[in-house]
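Lettered A, B, C and D in written order, each chain numbered from 1.
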Amino acid sequence: MKILVSNDDGVNAVGIKALSDALSELGEVLTVAPDRNCSGASNSLTLTNPLRIHTLENGYISVNGTPTDCVHLAIRELYQDEPEIVVSGINDGANLGDDTLYSGTVAAAMEGRFLGLPALAISLVGKTHYETAAIVAKQLVEKLKSAPLGKDQILNVNVPDIPYEQIKGIRVTRLGARHKAEGMVRTQDPAGREIFWLGPPGAQQDAGEGTDFEAVAQGYVSITPLWVDLTAYERMSALADWVER
Amino acid sequence: MKILVSNDDGVNAVGIKALSDALSELGEVLTVAPDRNCSGASNSLTLTNPLRIHTLENGYISVNGTPTDCVHLAIRELYQDEPEIVVSGINDGANLGDDTLYSGTVAAAMEGRFLGLPALAISLVGKTHYETAAIVAKQLVEKLKSAPLGKDQILNVNVPDIPYEQIKGIRVTRLGARHKAEGMVRTQDPAGREIFWLGPPGAQQDAGEGTDFEAVAQGYVSITPLWVDLTAYERMSALADWVER
Amino acid sequence: MKILVSNDDGVNAVGIKALSDALSELGEVLTVAPDRNCSGASNSLTLTNPLRIHTLENGYISVNGTPTDCVHLAIRELYQDEPEIVVSGINDGANLGDDTLYSGTVAAAMEGRFLGLPALAISLVGKTHYETAAIVAKQLVEKLKSAPLGKDQILNVNVPDIPYEQIKGIRVTRLGARHKAEGMVRTQDPAGREIFWLGPPGAQQDAGEGTDFEAVAQGYVSITPLWVDLTAYERMSALADWVER
Amino acid sequence: MKILVSNDDGVNAVGIKALSDALSELGEVLTVAPDRNCSGASNSLTLTNPLRIHTLENGYISVNGTPTDCVHLAIRELYQDEPEIVVSGINDGANLGDDTLYSGTVAAAMEGRFLGLPALAISLVGKTHYETAAIVAKQLVEKLKSAPLGKDQILNVNVPDIPYEQIKGIRVTRLGARHKAEGMVRTQDPAGREIFWLGPPGAQQDAGEGTDFEAVAQGYVSITPLWVDLTAYERMSALADWVER
């Protein structure tokens, strides 16, 4: 089984090594990831500059681009035959609710799906138990191999930051929602010039029953099926009425 | 009426000037946009570096960040009271179908919605008749003022690149889909080192009835209502079955 | 007289406008500068990405590169015939002593000289009296026109931040030296991750007689002739002895 | 002996590993280098963004900055006591003549000297015999240890790309000069937009007796002592006359 691994924390992150190691027990892993931390990269593409690749000593391929660039470049240029699945992560921190839209790790999985492959993004809700997330990733990929889910699936997986034995199970969830993010941090650089830092995410707004927030809070692995059609279908007719007014 | 204008082509682009000029007839416009072309920026956020602002001679505010950064910073830090609407564009080229997900112009509108404001992204399917798109933008904002659509609306508007008189009308559409993008361009820089450029978008796949592709091809303004919940609801139960297997 | 103007504070800086306006009274000015603040850029070149140009409404040409890139690109690609002089500035702050080596404004002048043109870098030792520096720049360029100094000259000019009437005169100086820069600022970003900011320059070490530091402190315009051969000629024979040991 | 190693080709380059390995036989090596290829970085400093460090699996420290940033940060923040020498390289390609001014590898050495340490930049005039340059580097550092040259020395060393046994000896040289660089490469990106690439360096102009160009062409290691005072002393009096005219 050929597996493409990427992430948004960068090719030197702890999580991508844990993931690559775990999945290499299932098949041939190619790890292609950004040379820098690209957290918050969303589905961004590098359009104004060319990409360059560099193979590191451990065999991972470092790209001066975004997670989406990496997956695109790997599938289109680095493989002779396509891989069978794209797995992105293990993200350093959660990708829950609205944050999913900003995540480069989720975007890497989306790009796999755009190119016709099943894809899975896996995030650790914390910074400690990468081994738990690695076990979960391996189990899910094995299961996807024996029981495929269809090529246009993207699974967004979040794993509680606890030992594997304490995981209560898996829940299929919907994305929750946050309140608006906190204000920015307005400060000065050491030269006295005004700078602004993006602030922390907002508190949870919709963390109710069935959400990804709820599942991980209760000790479950959360799996949310994603799709990439942003059309708000149920609003089309009301909008058509509005246009006619 | 307070209107926030942004884009992804950058603060010096032709389209943002056409848009700002047209909307300033309706109220007080604040234009806040990236200092560089950010086409393909998607919803990316600048998390590892601080943002800086610079007010240009024409009053526009230039930010060393992404479209999403610009809208976030403007609403959180530059306004005393919030604006009433976020309008993003006029994009240099279409934002149709799958491409919507990669667009920084659409992302700027999404960020307005995340912060609780109605939002509109407007793109010109070409490079010539910005005045047509400017008229359409002004009409839609006027209409939204007199007949609000609800705060969590994002309208993705694409305008054919023809004189305004030739526009046949407005159609409410769903996003179409493209075939997979073409292969990348693999070449060398002048020093002989291998580089890769992202290639052109793929041909249209689903450009059928009701799509944004179809509407603009027939000379109509396309309006697609967007939302930002990526959950694939209709797949949740099948996925739950799969997990239980 | 054809004059190329550049700087390192970026195409939107106050100083480059003051300089371009003043010099346009002497001839045909072409202003080509970085799209972003490049303070500290030194003689850096953009080798891994291509450059792009964008003509702003005021006719200035914005380049996504360094000061050195701008001068190189302007002379090689934007002029049919070469300009007669390169003038860089007016820098927002001093370029005295060792700091000269890090300055993008001085580097822009150096690049003019590498391409065979006389060149002048002009800096304001402060942030207020740009008009003083503009008058000085104009006078020097006029003088260079009537009494050329030779093509491989680079003049590094620093102007006290006082009204023109209070300037005591011009002194030809040598570069002084600073003590080592202060320690860096080690702090955290809002997400709690460790970051390091470069600290302020060190105190003056050699600000003695004949230095640029001394001249501006006493109210004189300082002009230091620069050259670009870094060879330490007077150490060559001792080094040769050392090699033979 | 504590040795700080840096370069401009980036922390993953072949040359910095060859150098670090060779010097670790002489003492305790700390390798701190840019996370990306910074060829052409000159003495540029990162002033508008903070620096971040990341320790790689091999113990090297990766910095999101320039060579100068790396040396500055290492000496000021990463060492308790200062190292005894800064060694930069092994550069992938020559740093001869005028090119020295643009080199990030030479700049890293200069920064060591600014902070009061002896410093050595070493470059391979080719891409093959890194082992030759590594042996030369080790010999020179050993010699500097037993016979110090003074703290404000910067040695710019270029090594012919041949097996060590074929090296004819060492020559102390002055920097040669090049003709002006070739024109830029003006072309289009795949989207049809105009781009400019910096072209190849010009042919040799002053490659005569005593130059670094000549020494390496004849099979000798070239060592040029550098200093960092750009004042053109011998032109000061003529300039003073000119000012008085």
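Here, a contact is a pair of C-beta atoms (placed from the backbone, for glycine too) under 8 Å apart; a residue touches a chain by one contact, two chains touch by 3 or more.
Since we're looking at a predicted model, the values are computed, not measured.
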item: Taking each chain's C-alpha mean as its centre, the one farthest from subunit A; value: C
item: Pair exhibiting more inter-chain C-beta contacts, B-C or A-B; value: A-B
item: Length of the line joining the C-alpha centres of subunit A and subunit B, rounded to whole Å; value: 23
item: Where subunit B and subunit D are represented by their mean Cα positions, the distance between them in whole Å; value: 45
item: Distance between chain centroids, defined by C-alpha means - subunit B, subunit C (Å); value: 40
item: Touching two or more other chains - residue numbers and ranges from subunit A; value: 47-48, 50, 52, 64, 189, 191, 197-199
item: Residue ranges of subunit A touching subunit D (in the complex, touch as defined); value: 12, 35-36, 47-48, 54, 56-58, 62, 64, 189, 191
item: In the complex, subunit A residues that touch subunit B; value: 37, 39-48, 50-53, 66, 68-69, 72-73, 76-77, 98, 100-102, 104, 107, 110, 114-116, 143, 147, 149, 153-156, 170, 172, 174-175, 180-181, 183-184, 186-187, 189, 193-199, 223-233, 235-236, 239-240, 242-243, 245
item: List of subunit A residues in touch with subunit C within their complex; value: 48-50, 52, 64, 185, 189-191, 197-200
